[in-house]
Amino acid sequence: MSATFMGDCSVLENRKLARDTYLLRLAASELAAGGRPGMFVMVRTGPDPEKGGSPLLKRPFGLHRIGPDGEVSLLYRVVGVGTGLLSQVRPGEKLEILGPLGHGFDTDVKAASAYLVGGGMGLAPLLALAEDLHRRGVEVTVFYGEREGAYVLAEDHLALFPGRMVVTTEDGAAGRQGLVTAPLAEALAAQAAPVLACGPKPMLAAVAGIANEFCVPCQVSLEASMACGMGACLGCVTSHAQGGYRRVCVEGPVFEAEEIKW
Amino acid sequence: MSATFMGDCSVLENRKLARDTYLLRLAASELAAGGRPGMFVMVRTGPDPEKGGSPLLKRPFGLHRIGPDGEVSLLYRVVGVGTGLLSQVRPGEKLEILGPLGHGFDTDVKAASAYLVGGGMGLAPLLALAEDLHRRGVEVTVFYGEREGAYVLAEDHLALFPGRMVVTTEDGAAGRQGLVTAPLAEALAAQAAPVLACGPKPMLAAVAGIANEFCVPCQVSLEASMACGMGACLGCVTSHAQGGYRRVCVEGPVFEAEEIKW
Amino acid sequence: MVKKPDLSVKLGGLTLKNPVMSASGTFGYGQEFAEYVPPAMMGAVVTKGISLKPRHGNPPPRICETPAGMLNSIGLENVGLEAFVRDKLPWLKEQGAVVVANILGDQVDEYSALAEGLDHSGGVDMIEINVSCPNVAAGGLAFGTDPEATAAVVRAVRKATGLPLMCKLTPMVADIVSVARAAVAAGADVLSLINTIPAMAVDLKTRKPVLANTIGGLSGPAIKPVALRLVWQVARSVKVPVVGIGGIMTAQDALEFLLAGASAIQVGTANFINPRAAMDILAGVEKYFAENGLPDLSALVGRLETH
Amino acid sequence: MVKKPDLSVKLGGLTLKNPVMSASGTFGYGQEFAEYVPPAMMGAVVTKGISLKPRHGNPPPRICETPAGMLNSIGLENVGLEAFVRDKLPWLKEQGAVVVANILGDQVDEYSALAEGLDHSGGVDMIEINVSCPNVAAGGLAFGTDPEATAAVVRAVRKATGLPLMCKLTPMVADIVSVARAAVAAGADVLSLINTIPAMAVDLKTRKPVLANTIGGLSGPAIKPVALRLVWQVARSVKVPVVGIGGIMTAQDALEFLLAGASAIQVGTANFINPRAAMDILAGVEKYFAENGLPDLSALVGRLETH
């Protein structure tokens, strides 16, 4: 086990990419060194809780991009107090970070191509993943779904993803109208390939169902409320197909779809 | 009763004047209009408690200077969380303020001269008070005591006080060495005049004792922990000479020394 | 156009125009807040707890801040029954306020004497019984920690007055439901909860308690989760309406209490932080009902679905 | 040169090199924190509560944040006695840790069987009895809410083992002192307090409780004032050492508990916020003792002067 980093990282950029959605670039060579696609970090988003600051708990965010040059990027959406405070951080300020943590994607997919599926902020870990697979010579197609067009990331940022990018929105304001599962199913019907997905649980359940139908391997990255992020609190568990629970922060966040009790 | 202001005031300046000690200038014509020397304001020092911010309670600060031009100045020392946060506020930012509050000094002193005594941040209300008395033609002497020289306010700021300024420090690093009560007693021995004082309770008790000895009227401005600042919580009381308690935020902060049970 | 929701609520025969009340001891006798909150706009004004005779209360320091909360050890300082009826009540009535008088005592007789006095005075619309006072006859634990002692107080007050009765429960008990049921059986028309939680702060510099009284009552956002739990447990166990109190700072907090089963709520510590808090909360609750097409309180109260 | 203060403390025959322990359930079995906290540096490691058989715990969501605190409804998920002794204990002993095993049960027999098992296993230095579990035989209120039920558990464990015993008290009771005295009379060598306070959070959007279990335990800075009060009340009422728990985030918090009468403290929720919290707190306590010329713990423990 490589040592986990715990300390302050300098903010290089904190830029809005879409409605409520930000790209946070950090100078973080320690995170870049140990980070693998699908792993995450815990970020202190507000003033120091040891001095009375709130929120109390760190917030988990997937590694959006690992590198270049010891940089690590996070992609996040403002949904509450912590992410709201994060959106106010300015370049040059420091953020207390713990990570990289968790069990990431298995990028040794043993296939010539792969389908990546991201729902909303589930897109976050897929850039690091797509770049990794691309380096391994795997042809990547990313299916990226949002509820409304306003949430779809800026063109120039989506252009960073290697391979093909298929955007869907429920309101039809950007890309194809509908759910992200529709083009995925079509693609699988045309050509089988392993599926790697991240997003809200109902979406992941649907994706896992489709992958199962087409008999392709499927990895899913789950979300959960977390306190410690390091396996101690048992707060982040998900139901396991074989009974009992598994910790999303240690055994996950990435699981084989069949491990999960949907 | 003139209406109390409650709302946001723009910060014009937040400048360090001595160790841990800051001058906060506010654009606050409503406060300037209703404010009298010895009255105070309640200031929200941190992020909005209704959105989970801390500290929860506003903090009380005396009106340091009222005017010119709709300005109000506060003088404060960093002693904890709230004042620590306040010291980080930048010009152009807004502060939520309630005030002016309380019962200030009776500036109709019916005398040709007056002795003002400030211990530490007890100096804060004395600038507004000195200026007011000066405008009334009262000759003012300010006795200003600090523990250490490093806390004594910058020269240029002390120069704003009309009349004579006598500085004492316990470490002797600035002004005369010793307690502020020594030069006060000497001055009273030389010439009687009403005393108006603000500072820590033990200092006020000593000042009240000296004034009593010289049979001069004495007004004291008290500190207390406050929750509401407006008479509702009964948290800020001080023992009254006639038994029971009085609210520092409504019946005070300025009392006749003989009203207080020391 | 959205129809204005009907936020009125019936509490023990008394109809309030909306479910937002002040919490006793945090709103003075209403007059302190006159600049910010017209008392007639509130569902009801609950006044500072009164005793038979005036009380001086505890020596200072009486308050201090704690993480997301505050302690107070006011010690129930109040003007006493007579001055309340003479000096405080008339102003509130002139303003058109619905007045809930909070009462406290050292012994059962004091409570019933207070109730009788208030009943005779006219002008009081409801009595809230604070049972978190030390039961002097029984060694000093609060009446409200024991179902039988609670019932004894409520029963005595019930006998002394025909006014609607609200019993304000003490949180620090192992089994709140048994106390709640005892209060209802003894004649409480409404239950309110929670009062503050006994707590303490230490000053490391002086090596003394921060409060002169050593122990004070914890209030504010810190206690909201405890209050929500107790309200939920009580509301599903009794047939009378429940009034939720504890750390309510925003309309969202108030709505959470309604969901958990409170028919109305009281705003306490929030008044100190924002003197307009009660009005802001009321406006936010109205907005939520309107925006979500909820016609009246019953569309939300107690509608929490467990997993 | 300042002499290094002696921070050792004797708890029920066991001597700890310093008064900083982990709180059960917040430090895993020690191994999770190996990168940050060498277990031998702590006064003692209190392990996650174990039951006789493994438990799966409650369905998620199991945690959520509240003002200055958090709720958890882990539901006492644990590996069970056998796996604890086989898989967890050896690593801690290799590291040179003093191990306090926290135990829990549904009935008195389960507690005594656990104690016996741990006693036979060797390697456990002390047992902490969590009495905040529902007493199934008596309708589901926690053992710890009742002096007699608490005593019954302690008595049974006392019979089953010669190991030092620490009884961890439940906070939500009207009279903590009577429970504390009952535990001591039944054979507890040490008392620790407080466990979490039952509480609840509501999600207005889904109109459901945030936690799948509806109710969870409140921990963190929010409860510190309640914990301090209970520790103070207990420490002055019993002759055995008391271990303070609840919202301890910093050395200053720890020192406040010592002043209030705690002979040692446990760090809980703080571990989640700063995995090095226990070491930072220990360093801060050492510094305070050195800077203030305090030779040993007795110079501060219980030295709170009331007004």
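To keep things simple, chains are lettered A, B, C and D as they appear, and every chain counts its residues starting from 1.
As a working rule, contacts are C-beta pairs under 8 Å (C-beta built on N, C-alpha and C of every residue); 3 or more make two chains touch, one makes a residue touch a chain.
Small disclaimer: the values here were computed from a predicted structure and weren't measured.
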Where chain A and chain D overlap in contact partners, by chain label: none
Longest centre-to-centre distance from chain D, chain (CA-based): B
Chain centre separation (chain A, chain C; CA means) in Å: 46
Centroid distance [mean C-alpha coordinates] between chain C and chain B, Å: 36
Interchain centroid distance [CA atoms averaged], chain A/chain B, Å: 54
Shared-contact residues (touching 2 or more other chains) in chain A: 52, 54-55
Contacts with two or more other chains, residues of chain C listed in rising order: 59, 67-69, 220-221
Chain-level touch network, classified as line, ring, star, complete or other: ring
Touch relationships between chains, expressed as pairs: A-B, A-D, B-C, C-D
Partner chain D, residues of chain C touching it in the complex: 59, 66-69, 71, 141-142, 145-146, 170, 172-175, 197-202, 204, 207-209, 212-215, 218, 220-226, 228-229, 232, 247, 252, 255-256, 259-260, 303-307
Partner chain A, residues of chain D touching it in the complex: 25-28, 32-33, 35-36, 48, 56-57, 59-65, 67-70, 72, 74, 77, 220-221, 249-250, 269-276
Touching residues (chain side chain B, partner chain A) in the complex: 51-55, 81
Contact footprint of chain C on chain B as seen in their complex: 3-4, 6, 49-50, 52, 54-58, 98, 224-228, 230-239, 243-245
